[in-house]
Amino acid sequence: MKKVLSILFVLTLAILLAGCKGDKEISGSGMIQDVNVRRAISMAIDKAYYTDTILANESYPADYYIPYNFYGGIGDNGEGVDFRVRAEQVFGDFLPFTKYDMPAGSAESQSPSGYNHYNIEEAKQLWEDSRKRFGIEKDETVVFKMLVHNTASWTSLYDHVKAEIEKNLTGTKIKIISVTFGEKLDKAPTGDFDILFSGWGPDYMDPITYLDLFVTGNGHNNIHYSNPEYDYLINQAKIGAFQGQERLDAYVRAEKILLQDDVALLPIFQSNSVGLRRTQLQNFYTQSVGPDYILKWVSWDTTDDAWAAKEADLKAARIDGDETVLKLLETSKIPDMASFTTTDQVSFYNLAQINEGLMVAGNPQSNEQYLPGMAESYTVSEDGKVYTFTLREDQPWVKSDGTQYNNEVVTAEDFVFAWRKLADPRVASEYSYLLETIGVKGWEIAYEDVTDMTDAEIDTELAKLGVEATGEFELTVTLNTAADYFLGMMSFPSFYPVNEAFYTSLGEDYGKTLTPENLLYNGAYYLSNWDNNGHTLQKSDLYWDKDTVSIDKVIYELVESAEPEVQVQMYLDGDIDSVILRTGALVETYGARSDVRTTGSTTAWYLEFNINNH
Amino acid sequence: MEKLLEVKNLNVTFETHGGTVQAIRDVSFDLHRGETLAVVGESGSGKSVMTKSVMRLLADNGNIKHGEILYHYEDGTIVDIAKLRDGEMHKIRGAEIAMVFQDPMTSLNPTMTIGKQIMEPIMKHQNLSKKDARQKAIELISMVKIDRPTKRMKQYPHEFSGGMRQRIVIAVALACNPNILICDEPTTALDVTIQAQIIDLIKELQQQTKAAVIFITHDLGVVANIADRVAVMYAGKICEIGTSSDVFYTPAHPYTWGLLASKPNTDNLGEKLYSIPGTPPNLLDPPKGDAFALRSNYALELDFEEQPPMFKISDTHYAATWLLHPDAPKVEPPKVVQRRGAKKGVTNNG
Amino acid sequence: MLRYVWNRILMIFVTLFLILTINFLLLYLMPGSPFQNPRLTPSQRERIEDKYGLNDPVLVQYGRYMYKVSKLDFGGTIATNTYDDIFEEYIIDRLPLTAKIGGIALIIGTVIGITFGALAAIRRNSWLDNSVTVLGVIGVSIPSFVFAAILQEVFAINLDWLPLFYREANPDIGHSLKDQNLGMIMPIIALSVLPIASIMRYMRTELVEVFSSDYILLAQAKGLSKPAVIFKHAIRNALIPVITIIGPMAINLIAGSLVIERFFNIPGLSNSLVTFTLAKETYATLAINFFYSFMYVTVILIVDILYGVIDPRIRLASNSKLGLIGKLIKSIKRKFQSDNAGGEVNE
């Protein structure tokens, strides 16, 4: 056995040596700082092959950073404008590139235009020129280190990128450094990579949520990129120096600097998903920001025509007399429902159904991104730094049995209490960074070292946070700088109100997993059931806007790590009303059904080049 | 003497992956009531297979090809064991014919009390109540000379030494007063000092119970001590059978000569011990002629061609060797063997 | 015996301590942080980790943890406030279902395994024996989740006889108690494949060996009928070694349930272990690991003691009328005496 092993070892060594014979490997970390090298790499990758053939889920190949279907701001006519549409208006003529064909069935026939479109000839030319310029010998191979996280579903992308670059740019080698997600978070800031795989979804409905990452010195700027013009545009936009169309154009210019002038990023694609969904479901649309769906707006088409004869049983199960039911699949359990400490998408999603902030995400069919929620109205100061919200006075706090809690209604104090919890260094909420994002006055307390301070001292510091109850139903928020995405953020669960008396009665157990009774509700739904097999959202009769809410009961069945095929089977069996087709094979099998729905997402997936010019 | 067991032309084969092993080849002998027949031979000579055939305890791949094993009941009925159905066989085993095995360390069930193991055959064959069976079992334990029998009843085999265990096995065998007691090398696995005790015990118990004993051994010394008659087995056949003195003092078969010559005794004291050259034949493909011819210094040409029949030497003494044929050349047995014969003459004369 | 048990219990504590220490160090060395939100900048993450003392020297963290454990406080989840006390809220809560399904699978596995293993040994080289051998090899070599997938495909999807998943009874959302019980059938079958196959093979081998032993020959020579020989002499002796593998088998089942619980959506103990580990929830992972290790060493101790009860060579007391304590005392006395007397003289 030892002998066999040693022979194998020698053989492997021999093959490795033979493979390297004559080829000297040199690090590409110097070359990656050259813009033409970056452009060569950007143009060498056939993104459409990845989205259409490998993924095959109607995702868009992207030559742009800020996704399609993302509103960029308010246009000339006062309506929301798709950022990409605007980008095309500004630079459409300038960009001489071919567009990708968009998936059949989508409204557009061509993809939004972008930068550094796939072009092998040009890529090759740029690469050869660069090689000469850097004095790379014929027998030398340039090695680029690509840092990625080892989630199984991404490996086909990594392999594709590696194969395309190595194939199209002679004498290159991509060394994939695959680590766990957590490890990547640790490793990326050290700068020990040439190319970094990343993805980013929006926190709020403003392109700054994407663009801010590459401002000089931003904590997420792992490539240490710095461009004074870029910084100027973003920082000015942030403090409200530009308004309306002007601001949108500033963003468009910033994106061009990032992608066209400096080639800091190599966008790969904008992910979409294909799923099956009951054709009778109305207003069941994905939100581009925040929770996937807002159930408040969803309804069943109850007309007889909408339901086929063979669906009679299903209809009876869903529209049972007076009660309408929606059944959905949950693939991950809700970890934590305390709005000021929770960190994950599942919890945020469910909090968005059971609680309501100052603002509420708008009906997806309208162009409004957000509508007044707990705030009936608001005023903004001249300099845009002070917001005064007038709260509605009739929203009770609801218990998990659907009745009112101690005759209490939502007041300004409930917001103050929740925000202070979010900022409290003793709570150490992961999402306290949002206070920094929106720039609430005094957010720094969240990260202060308070080990030597007494509780009273900390409370005094917290009281200085820019959130104040200026009346029982009047809330005043003071910001360091004006940011008009601030209002949009008010629909985010971390800023939801919490009843202090109720919280105090429970302490740490507030919002804890599997305890619907340890929560108070002020949203369209309350949790009537929550166990290891899922949870049920029951329509709240005490909700101020209950007439808008159509579905009476939403049942979530928790099936962790079910195979994609099994999830589809549950849909076909009538156990759930919506399912995502997670594999190309499933899309192929079911893609032609009448209940197929493509769901867009505004998450951008891209590679970052380690420019390191800062 | 009254016949108890007649084995006629017994042939036993084993089916193995290598082919058919002819373990017992045309063996015939009689056993008389109350006598002790010793069966002697090397390992693999078929002595154990022969007794297991009599008990019908052959392994699954073993078959009695042909031949008869006639058992004479006391009332005169005769049955052919070779053809008995399993149900009837269960009535013979333990009750008519009982057996003591070679290794006392493994022949008792480790998880059953001694008492239970002795009572089992009693209750099976004698329809005694549990209480009576217990009483009988206690008697049996005393009979095989183990102290504190009542206490012993509750003990497990691991609490006994090898010698004690063999006594227990003997007690089990004698539990139903069998007519035949087969002892398959009962002392081989025991210390020398204990061997003698066990043999004495068997002898003594045989006198008490009047059972016939088939005593299998490869140790000629033991044979001389216990046997009335001796059968010498080689390569699945009996090559010589006769009374103890026939075989010991006037052996006729070269194999018997070899066996006697290779045994240390007062006659060959100080001499280099003889050992039979070669190895026993492969019974997958037994030789055509005398199986011992290849190893024999006295082999005739005919030995390689044809199997010798049993020649009668006296009323009690038979041997299967062509040397006994009237036309055969006169051959002198080895000196050691001659000396034995002479010794016998001396004893007889004296 | 008492001393033996005492030593064993002491060893259990040492083992558990080592397991906890090694696990703690391994998890400490595992890269990443429980705060895996990509929105956090490195400096924000570091500040939060500081709050939880995750950047303290390893010895400080270890000491702090061990001090808490010594007060039987195993901690909770770090990044979320899902569990304050992982032991009380998670393990104790979820153990019954895992134990129920695993227990039934083990009982089924043992009964079927012993029965068919015994039948195969009795009818050696028959078609039954050959099938048992083939099925046994298939059963131990194919992982349980493959069976789970096949079962789901056949009985839930194609035939529609059984529910795809385990669903806890909840009339409010239309899941009856019947659904709940039906939902346990497939996981139990999938889990019991391995014990059935292993015990079957083991039982067959052991019984074949027992059949070829001298004491079976002696039993036959006594004139006992075949059933009497099998049941009174063979089975019991073959069972002794089989019992020794049932303990490890129970542990295997725990490992198997890691996959099966996820597969059939069973809210049991094993379901979240992987999630906790990947999320670098050190305390939750440690607590569950600790619990499994505890189960493991305990099961082995029990099997050893059980073994003694069944096998008289190991069993010590001779008087069955004494209670357990009496037996222990008597055996100690005996040992004492025999030590002085230089052993009992039998001959």
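Per-chain residue numbering starts at 1, and chain names A, B and C are given in the order in which the chains are listed.
The definition used in the following text is that contacts are C-beta pairs under 8 Å (C-beta built on N, C-alpha and C of every residue); 3 or more make two chains touch, one makes a residue touch a chain.
Quantities reported herein were computed from a predicted structural model and do not represent experimental measurements.
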Item to complete: Examine which chains touch each other and state the graph shape they make (line, ring, star, complete, other).
Response: line
Worksheet item: What chain lies farthest away from chain A once each centre is taken as the mean of the Cα atoms?
Response: B
Worksheet entry | Identifier of the chain whose CA centre is least distant from the whole-structure CA centre | C
Worksheet item: In whole angstrom, how far does the Cα centroid of chain B sit from the Cα centroid of chain C?
Response: 52
Discussion item. Please tell me the distance, in whole Å, between the geometric centres of chain A and chain C computed from their C-alpha atoms.
Written reply: 42
Practice prompt. For chain A and chain B, let me know how many angstrom lie between their CA-based centres, rounded off.
Written response: 91
Worksheet, complete the sentence: Given the complex, residues on chain C that touch chain A span 31-33, 35-45, 47-48, 50-52, 77, 79-84, 94, 149, 152, 156-157, 164-165, 167-168, 170, 172-175, 262-263, 265, 267, 271, 278, 280
Discussion item. Quick check on the complex: what are the chain B residues that touch chain C?
Written reply: 55, 57, 59-60, 86, 90-95, 98-99, 101-103, 106-112, 120-121, 124-125, 154-156, 158-161, 163-164, 169, 172-173, 175, 194
Worksheet item: Residues of chain A touching chain C in their complex?
Response: 179-183, 185-187, 189, 199-200, 203, 218-220, 317, 335-336, 338, 341-344, 347, 425, 428, 430-431, 433, 436, 447, 449, 508-509, 511-513, 528-529, 531-534, 536, 555, 557-563, 566, 569-570, 573, 575
Worksheet entry | List of chain C residues in touch with chain B within their complex | 124, 212-215, 217-226, 228, 232-233, 236-237, 240, 310-313, 318, 344, 346-347
